[in-house]
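Presented sequentially are two complexes of chain A, the first with chain B as partner and the second with chain C.
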Partner chain A sequence: MTVFIIRRLMQSAFVLLIMSLLVFFGVYAIGDPVEIFIAADADQIERERAMQALGLDQPIWAQYGFFLLNAMRGDLGRSFVFNIPSIELILQRLPATLELAACAVTLSVLVGIPLGMYAGYRPQSRIAKAIMATSIAGFSLPTFWVGLMLILVFAVQLGWLPSTGRGQLGEFLGIHSSLFTLDGLAHLLLPAFNLALFNISLVIRLTRAGMRENMPMDYVKFARAKGLTQRRVVFVHVLKNIMIPVVTVIGLEIGQVIAFAVVTETIFAWPGMGKLIIDSINRLDRPVIVAYLLITVVMFIVINLVVDILYSILDPRVRLADAGH
Partner chain B sequence: MSRRIPKVAAFLVASALVIAAPAVRAQNLSVAVGGIITSMDPHYHNLGPNNNIAQYFFDRLVHFDNQQRPIPGLAESWRAINDTTWEFKLRKGVKFHDGSDFDAEDVIASFKRVPWVPNSPSSFTAMVRGIEVTVVDPHTLVFKTPAPRPLLPLDMAIVNIISRKSVEAPTADFNAGKAMNGTGPYRFKEFVPGDRVVMERNPNYWGEKSPWATVTTRIVNNPSARMAALLSGDVQVIDQVPTADIPRLKQNSNLRLESVTSNRLIYLHIDHARDVTPFAFDKTSGQPLAKNPLKDHRVREALSKAINRKAIADRIFDGQAIPAGGLLPDGFFGASPKLKPDTFDTNAAQRLLREAGFPKGFKLTIHGPNDRYPEDGKVLQAIGPMFTRAGVDTAVQPMPWATFVSQAGAPNYAFSVMLVGWGSDTGETSSPLRSLLATPNRELGFGASNRGRYSNPKVDEILGKALQTVDTGAREKLLFEASEIAVRDYGLIPLYYQVNLWAMRSNLTYKARTDEYTLAHFIKPR
Partner chain C sequence: MTEATLRVESLQTHFFTKAGIVKAVDDVSFSVARGKILGLVGESGSGKTVTGFSIMGLVDPPGRIVGGRILFNGQDIVGLSEDRIREIRGNRIAMIFQDPMMTLNPVLKVETQMVEAIRAHADIDRLTARNRARDALGQVGIPSPEERLDAYPHQFSGGMRQRVAIAIALLNKPDLIVADEPTTALDVTIQGQILYEIQKLARETKTALIWITHDLSVVASLADEICVMYAGRIVERGSVDEVLDRPAHPYTAGLIGSVPSRNAKGTPLVQIPGVMPSLLNLPSGCAFRQRCARADDACAAAAPEPVGARRQVRCIHPLTEVA
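Then we have the complex of A and B:
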């Protein structure tokens, strides 16, 4: 297992290097950031000063070399427009996205797995058919449209929930989060549900497929023949077996939800990382774009590692050393 | 995808015909703005949204009224002693938020800090460059400049005055609130980047006090989210109202609109410099034309006459745009009343093209942003067929601003005809003349955004003279003259002036501002 983890980490370092190279030169190819964030009426002298202040007057390979040197020391550069180290800037926004993502994933597990199990257990019932039909809607309706409709119904017409923003933050064990105040939770509900909708549907369908596949299998018959209760057969033996694909997908989706909550964050004006990256791309704020994507890559690597380790716990037949090949 | 959101927003508003109007909680006001505020440091980033928010906490020597006319700020009065010497009399009895007194030393400290701010992506250095300040007494300052500088009072309307205690405070101290010690109408409470700025009334403000005890400025840059926040009552005022929502807003009795013609001109910049321009082609062979047709005055006039400005204003903007014939709307300093929009006349355009030697016209590609100005992509797409009707087969190429702007200017100059906008921060016409129409010249700071590289020695000369003329009347005449020459020569083709729009609860009023700023202390209950 140790060898496996070490090899994984070395591969990751290489991925990070390639990623930084691609993003750095990619952003450079789009254009000159100074043109975007300088005041329109700035004269030539002021433009040159800004280029110098931000190190953009250097040739691109020198800029990249400088970036790599600093990156070795953990410094990914300062945002061009915020004058804040980009890592710090992203970490400032991380909690907002994390709480949104955590709620969305929790919702998709708590809602998705029971509904999916039921739909797989009694596939012919009306309720199961209704669940499956709804899950198609959850899959196919675009997030931004659902988001706007949620705002329209719950914020504008019913006036039950606020439309945008993050609301009051509460403090608990030194952590600031909107999970700890009523106002914060009210603000969280709509965006979390909007973000979760796709994943709920995904989990429903995966769980249902797993149920349908496993229920006729020999081990289920054997367990029944052994005299186990139906409850124990379904909730222990079958559930354990269908969890493997579900865990994989939820793992990947956690990454997706954190890194690409862009649409939901934009519509609900949620001050998270997704909104930051979109704004940064529009402004060609290269240090933030590079740092963000590097952090995203690291996050996916870690999640994949955790998923692999979880596999070996759920299914002892999986050997981690082999997974590295 | 973001292009589709406004349509959905239109539907959203349409469906929300009946809305309960939550009463504005007395004394507290929430405002949602579309601009992204990047910092609290008033000297860090010379950018509309940042300059806007700084006005809550800081004052300037000179203020702008809602039409960008200079009025007394921290300076009670100012006058030119001679062409290169100015005297500013400071207001007495003004206190900073921490209780300390304001005087000349704070002005000196602010001027010192402006060029010092580290890593500034767009600084205020040009406004204080070359000014030699002498303190006559704690409330009298004398500014000396190496050359006559008639716009000095306008520059003073842009530089915020901080306390001398913050002269070496880094940007982070302002963001955290430690150095947020100004003389402005509000005291700083909290800045959550990307989310909100919270402030409370300064009870000791020297000017008219704000009707609101606390103000929250929410940063909501998505237009439909901003609309939703207003409709649901989360905020009471929004700026940059999406055009698609205007007709429905007008029908909603709980809401009202405030509008004013802005200082922003949307225009077409034209390649005047190259003998072969990259995007004008022969109609049959498809090859670039051997001679740049845009260098011919008649071709430029034909293009201008081919544009139906009124249709653009009425159809695309629901009337919330003003057809333009000059550089700034009537009423702004230096805006020549003689410059009227060209009349839409396809026949005249065809005749001019024939006279210019293009009886069959030619092929053209026009470029522009699709995410920078309201409806910019749509306007570009409307202009294409108008040109085609006059005989110039036109393809349209909208693109994101980030890509567009770095291709359009020096050193690439990638386009032939492009749609751009210009907001005049000084509120007078030397700003567009100097940046857009004067021959690029580093020493004079001319033509820094002259993406068409229009060059006319006569314009340069008159503008140069205007920028050295302290006498207001004489200067305005020179500005009239320079704009008339440049615009009649089609150095650029004016399209329309934007209209700045605010939507608010029907029990509020706002004196709409030409500079696009949203300032809560001027939002009043009705």
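Then we have the complex of A and C:
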């Protein structure tokens, strides 16, 4: 297991290097940030001074070299726009996104697994059919449209829930979050549901498929032949088998939800990372883009590692052996 | 005669499918006494497994027991509530399945799967249950049972898994064990060992045993009594010696003839011509008549009723008379 983790971390470092190289040169190829920052009527001397200040007068490979050297020391550069360290800028916005993502994933587990289990357990019932029909809508309707409809119905028509911002933040153990105040929770509900809808549908379908696949298996019949209650057969024997693929997908979802919360954050004016990255791309704020993507990659790597470890806990046949031998 | 542990009377289990009613078990009667072994023999699809599941109360929709009685220790268990039948299942009647690779849950430890079987029926603390599970593993010949309790099924070989399944069946000292082809998926050498073990354990504990198989040679060495099933019905019933030495039904004779033996080395094996008819589309009269050399018009007219009492045959033209 230790060997497995060390090997995985080394692979991850390599992935990060390649990633940074691609993004760095990619952004360079898109356009020159100086054109955007500097007033159109600036003269040549002003331009040169600005480029020197940002280090943009150096050849690209030298810029990358500097970036790497600084990155080793944990400095991912200063934002061209805000002139503060890009990592700081991102970390300011990260909690809001994490909060939203965590709620969305929790929702998709708490709603998706029970509904999926029911739909798989009683596939012929009307409720199961209704669940499945709804789930099709859930992953076919575009997120932005659902978001707008949610605002229209619950914020505008019914006036039950607020539609923008994080609301009042509460503090608990030094963490500021909307989760700790009623007002914050009210603000969180709509965007979290909007972000979760696709994932709920996905989890429902996956759980249902697992249920339908596992229920006719011999081990289920044998468990029943032992005289176990149906509750124990379903919630211990079958559920633990179903969880194996579901955990994998939920792990991937966490990464996706964090990285691609852009649409929901934009619609609900949620002050998260998604909005920051869109703004940064528009302004060619290279240090922020690079730092954001690196952080996203790190998150994916960590999530995948956790999923692999969870997988080996859930499925005793999987051993995190020293693959590659 | 003492009360039989299990007496099945005119059992009918039908499956209501879209294509029609499948009479998987149709008018089946037999009984097993304490400490006795009954061999239930038949081809795939003859209804022998469904008979086993009917006894366990594990027939799933679209299947359902539509008639007959299953008297277990004198009590009819057909139509009992799910809770009542659950108390009997795994406790008084246990079942061993065909494929040991599929019957144990792959993601739960052997200990979990054994302890839950004990605790489903008795209010026992975890440690006592664990000790009982360990003893049961030892009893079926699993080496170092204490350590093996913490293993997962994939860490066992096929034969060892079947031993675990047998140990689970024995856990609550049942009065009856239904064994559905428990040796079919195993190597021949392991098959012999398992046969021997089960026989020994059943005799020692006076457990009645129903051994479901398609292999006549297995029951020949094991059972006291044999029921031969064909297309959902028992076509012949009797003691092992009677049925194997003097088969009365042409189908039984065909089965016996198709077992390879040393005496007939080099000669082609006798086959029963044709295949078993679909249960959805049984011929009129005797279900076997299209494959039977002795069939005539009388066989097509009406399904033969069972003749005889203890030794019984369903045939108008039996090879030997039973009375």
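Just so it is clear, the second predicted complex is superposed on the first by the 315 of 325 C-alpha atoms of A that agree within 3 Å, B and C clash if a C-alpha of one lies under 4 Å from a C-alpha of the other, contacts with A are read in each partner's own complex, and residues count from 1 in each chain.
Basically, a contact is a pair of C-beta atoms (placed from the backbone, for glycine too) under 8 Å apart; a residue touches a chain by one contact, two chains touch by 3 or more.
Note that the structure is predicted; figures quoted are calculated from it, not measured.
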Which of chain B and chain C A:Asp43 touches, first, second, both or neither: first
Touching partner for A:Asp279 - first (chain B), second (chain C), both, neither: first
First, second, both or neither for A:Phe80, with chain B first and chain C second: first
Partner chain in contact with A:Val34 - chain B first, chain C second, else both or neither: first
Partner chain(s) touched by A:Lys221 [first = chain B, second = chain C, both, neither]: second
Touch count on chain A, higher of chain B and chain C: B
First (chain B), second (chain C), both or neither touched by A:Arg232: second
Contacts of A:Ile267 with chain B and chain C, given as first, second, both or neither: first
Shared chain A surface residues [contacts with chain B and with chain C]: none
For the chain A and chain C complex, residues of the former touching the latter: 217-219, 221-230, 232, 236-237, 240-241, 244, 314-317
Chain A - residues contacting chain B, complex: 30-47, 49-50, 53-54, 78, 80-84, 89, 92-93, 142, 144-145, 148, 151-152, 155-157, 159, 162-166, 263, 266-269, 271, 275-276, 279, 281-284
Complex contacts: residues of chain B adjacent to chain A: 1-2, 4-5, 8-9, 12, 15-16, 18-20, 22, 32, 36, 38-39, 41, 44-47, 118-123, 125-126, 171-172, 175, 192-196, 218-222, 224-226, 228-229, 231-234, 371, 400-403, 405-407, 409, 422-423, 425-426, 431, 434-435, 440, 442, 445-446, 448-449
Sites on chain C touched by chain A in the complex: 56, 58, 82, 86-91, 94-95, 97, 99, 102-109, 113, 116-117, 120-121, 152, 154, 165, 168
